[in-house]
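Consider the two complexes below, in which subunit A is the common component and subunit B and subunit C are the respective partners.
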Partner chain A sequence: MRPSATAYIYIAPAFALLLFVLFSPVIYGFWFTLFRIEYGAPTDFIGLGNYVRLIEDPTLLPTLSRSGVFTAACVVFTIIIAMALAVWINRLPARTAFIVQMVVIVPWIISAVVATLLFRWVFVNDIGVASYIIQLMGFDAVQPLNNPTGAMVLLVAVSVWKRIGYAVLVLLAGLKSIPDDYDEAARIDGANNWQIFRMITLPLLKTPLLLIAIVLTLSTFNTVETPLVMTGGGPGDATRILAMDVYERAFTNYDLGSATALAIIMFAGNILLVMSYVRLARWQA
Partner chain B sequence: MTTIWSRRLRRAGSAGLLILAASLPVSGAMAETIRMWTFLNPAGNAPREKALAEIIAKFEAANPGAKIVVEPQVWDQMTPKFLAASRGGNAPDVIWVITDLLGDAIKSGSMADLRKLFIDKWTKEQVADYAGAYWDQCAINGKQYCLFTSRNYISVIYRADLLKEAGIDPATLTTWDKFTEAAKKLTVKDASGTITRWGFGQGFSEAQADPQMMIPATLAEQGTIFEENGRARFATPAGVAGLKLQTDMITKEGVTPKQAATWTPDDLIEQFSAGRLAMYTGASVRVSSVQAKIGADKVGQMLWPGNGKKPHSPAVMAGWAVGVWSGSKNQELAGRFLDYMTGPEGDSIWVTVGGQAPTLGTTIKSLASYFDKPGNGYMTVTTEGARDFGWLAPIDFGVGGYRQALNKAAQNVVVNGMEPKAALEEAEKEFNRRNNR
Partner chain C sequence: MSTITLSSAARARATGRHFVPRLSWLWSGLFGCLVILNIAPLIWGILTSFKGQADLFRFPPAFVSFTPTLENYERVFLSGFGGNLGISLVNALAAVVLALVLGLPAAYAFDRFNFPLRRLLFLAVVASIPLSIGAAALLIPNYVYFASLGLTNTPIVLPMLYAAHQLPMAIWVIKGTIEGIPRELDEAATADGCTTFQILRYVILPLVRPALGAAAILVFVGSWNEFVASSVMVDSPSLRTVQPAIYSFIGFFGREWGPLTASATLAILPILIIFALFGRLMVSGLTKGSVKG
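Up next is the complex of A and B:
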């Protein structure tokens, strides 16, 4: 028996289990969407009828573009802030760095619902801390949740705050793996801090950055708890994103046909993102 | 090798049998267990959770060997999950069904006929004890698919002490004008002109959407908000007037804060408990929780004002219909438990421990002195309201999402400056599209 064949045999059970756990619901879900769903059960075969109905829904495209803007804003801001924090923490003395890391990680490890509720209570009403501080500074009370742009900004802020700990940890690990020699050599050659960061640190962090970008994109794109608790999709449709649309179709309108169809489309989108990650990682190698 | 393995297997088998034998009850009676899905957790501290725990404990004590296992669920996902579980053959024996989806649950064949299980054994007086809109909601073609264990009446919750202080008798607020005047009187500003207490709190969030005041106002005029075929009937003259009345509370009368556009029922309770609201749109089933926070005698519930022709507008009623899964292997025990939980003893516990309005006529009589106590008056009010001024959403078609659609219309008026008619037309279109109508 050739070694490569043995290796395949060893990984086969785990791979089969993974395929079963990951893909069997998708296959069942796709089969489910090919039928008219009544009382939670498939009845008549309608082919791609559920998908056609979904595509004909005039609210789908605005929801998709809103999801794109929300996801892009979250990923970009999270990476920029996490990078700055990671570089800063990397230069701190060990004990201080440990304490700062703990503080940064807390939002990531607490439940999304709890984290969102904390934010909501700060901003939701005129007795919240944010409003109090703003009024103390002599400005009029601000009600960001009552304004379409303000609500989206707040939603992005919560999502960035929630995920920043993960990004900082990965980037910090990347920074620690860069040998000090590179930095010292560059300084001897007369490079300043910005030049060292741009020409040495950033290129060497390409792989962790790519990983973070993909993971953050997927987790933000698929999030439902944060908008549900924070804004309920409002005001109007200002913060209604795709994952929330799936939830509402399934559990508010009880339209399991279109909800599952949308979930399948989102799954395909997620697979495309993962494939692009794999392609980019190969290019990096 | 084979002999050694056989010996080991035999020893393991014997040990397993011993363990199994040891785990059986001493009496030798096999324990009978049923599963129940509800949003209440009997280990919790809320009044209704305590009531459920007491009901289960008493039932189990009276039925040795019976075990009720509660699997708490997220309330808005519970009924769709039940329908899916029923199809998959793994549904719980006892299920609490949300009223929006009750028609679907019955039509799907997932709910057993309770007449066969226990109602046929009742006397005529017992059946008459349950009579009313809620009973009728579960009765189809001579079968009874459910009984309501929780009756919810959504109207105006008020701070009794603040209304008394302002010289307002809630019973006299029988028109929208009188109600608005009262709300204005209850709105308080400090020396700098900042409002420190709002007269009337509302919540238009689509998350956990409660029906707001435009619905009773519309129902008072046109009786329903749906066509016979299930299409929405929101953008009618009555609907437009109702939405204008609701949003004018913010934009014109200044008795409701603009934050109402995003407030949820939980936000309203927090604001009310903090003394920031004198009245708010709320559900009777949560009055006991509010009372637990600020004092029983400080919280009351009133009926909605009327349209001039009738003293009160119909409030949206909801609740939890409890049934037995048609595929249950333990239908007899499940039925027995349901009979107890919704019967005179169970109803009495729901009222006295859970703070719920009574569902049985006999409970109203037997607990008459209890309802006279300070803080319990709201139960009498909502019971009267449920009898004469209530509206249950139809079950001939699904109505999921109607409250959210109307709340979004209100948001669009308050935040995006839409005209009420345009906002309701959009809500109507969205509701019909989402429900394939």
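Up next is the complex of A and C:
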């Protein structure tokens, strides 16, 4: 390690970009919300007026709780399914495991807009394959997007489907770092598969599990594309979640004041998650 | 009765080894289905994009027995999708260049230099990784800020945003590889009279190429797939990227799934090609970018 001021020259450009794009808008955004906004421009100073207006908005609380339910359901289901898949893939022969892993992460590497669109085409559309299979099985064709619960279930399904690949990838990396000896030792002591998983694998996967829980929570909580493309927030407001609400407040209702205020509140929520992420990510300096 | 139960239980335990494979076949089948479910919508979407009007609305749906046609692609290109693809390509490549040019020196400095505030600044980089994942929350503040600076609707705004969102992850991935390069190489180069920049250029750079490749792929894919920033920061059609274009097609083509799936197919094609060519590199980059160690 060389003690050197030259280092600042090397990191300055990167930090200039991060400061300009990632950090300063928060400060400017907060300043912006302290004013009354007319035609997209700040007019007179109203202090926390935008926030007060936001909190008095009767739609805020239901939206917040919907976001909570949606995020929790997505994270829980994604982790459970990904865990099962990762344990299974980890036992496959190397070549098969690689191919399966590649297939599993496909929905994750394509864009949320396209993934949601294709998911909708197959599983939701009345002339789609899924509807055909349902009718083959003797059920009536359903229009799940027309009822609030069905729409929410589908929204969770598409979000889980989209992100499983990421979770599998991280969990697989975690599983690979567990030495085989542990398994063998436990087996010699008479442990069965479930006991090995519960007592050895799971505790050793604590860090990656927490890490994906945080990342999944962040990415699900802040998702705009999926509800926008899948349900448009409907029927009614049944699938209007917070991130989409911010987007629509700003660009459908042109209410930049409350949109920015809500964004700042969401950002504060994100910061809590980011802090726990940083604690977990083993960083050496 | 109890003896029978006991003995059958004992037999089950004794022959347990024979049960396991059969059970694992069942599980494999189940998991296999899950895996197929994962790409089924993709394949079905791609098939749909080659169907003409008649085959599209046929019910039960035609799986393979239809006359392939390119008419959906023609309609999509007539709606200006070629331009959107071009813009997205230019933006994503610019973001890749920007992220690597800024990321490599930063990663080098964080690993090889000791300077005041190093830990704190690196902490800021680490924190920016999840921060960018939740970037949608920041987007409206970002929009009002950039609008006040007159940056919205300019060709540079999107590459800049993409690069900033992917930069922390790029620094992380590149730094991980630089850590593995022996410091003795640096010391030998210094003894030969190299400056720190020359070390970066002639010692580090040739050895971090795989990490640069992984970072480049991640930045490209992330930029290409970006929707929210792309639709908020730019509204002139000549600057519109692929994802917002597809979203606008949903309104434009309505329930016409032919053109919709055609545009979706074109949008995922570059990603699938990159994935087929550099899958292993991409997976390693993604893993490094998400868990350290």
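Keep in mind that, in the parts below, the second predicted complex is superposed on the first by the 252 of 285 C-alpha atoms of A that agree within 3 Å, B and C clash if a C-alpha of one lies under 4 Å from a C-alpha of the other, contacts with A are read in each partner's own complex, and residues count from 1 in each chain.
Here is the rule we go by: a contact is a pair of C-beta atoms (placed from the backbone, for glycine too) under 8 Å apart; a residue touches a chain by one contact, two chains touch by 3 or more.
Predicted model, so just to flag it, every value in this text is computed and none were measured.
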Tell me the contact category for A:Val114 with respect to subunit B and subunit C: first, second, both or neither. second
Subunit B versus subunit C, judged by how many residues of subunit A each one touches: C
When the two structures are overlaid on chain A, which partner does A:Pro235 contact: first (subunit B), second (subunit C), both, or neither? first
Applying the document's definition of touch, where does A:Leu256 land relative to subunit B and subunit C: first, second, both, or neither? both
Would you sort A:Leu17 into first (subunit B), second (subunit C), both or neither based on which partner it touches? second
Would you check which partner chain A:Leu273 touches, where first means subunit B only, second means subunit C only, and both and neither mean what they say? second
State whether A:Ile81 touches subunit B only (first), subunit C only (second), both chains, or neither. second
Could you give the residue numbers on subunit A that contact subunit B in one complex and subunit C in the other? 40, 125, 127, 228-229, 250-251, 256
Contacts from subunit A onto subunit C in the complex sit at residues 1-11, 13-15, 17-18, 20-22, 24-26, 28-30, 32, 40, 81, 84-85, 88, 98, 100-107, 109-115, 117-119, 121-123, 125, 127-129, 132, 136, 161, 164-166, 169-170, 173-174, 177, 207-208, 211-212, 214-215, 218-219, 221-225, 228-229, 243, 246-247, 250-251, 256, 259-260, 263-264, 266-267, 269-270, 273-275, 277-278, 281-285
Touching residues on subunit A, where the partner in the complex is subunit B: 38-41, 53, 57, 59, 124-127, 143, 145-148, 151, 228-229, 231-237, 248-256
Applying the document's contact rule, which stretches of subunit B touch subunit A when the two form their complex? 76-77, 80, 83-84, 86-87, 100-101, 104-105, 107-108, 110, 204-207, 257-259, 261-264, 267, 271, 274, 276, 398, 400-401, 404, 408, 411-412, 414-416, 430, 433-436
Looking at the complex, which residues from subunit C come into contact with subunit A? 27-28, 31, 34-42, 44-45, 48, 56-57, 59-61, 98, 101-103, 105-106, 108-110, 112-115, 118-119, 121-148, 160-161, 163-165, 167-168, 171, 179, 196, 200, 221, 224-228, 232, 242-243, 246-247, 250, 257, 260-261, 264, 267-268, 271-272, 275, 279-280, 282-283, 286-287, 290-293
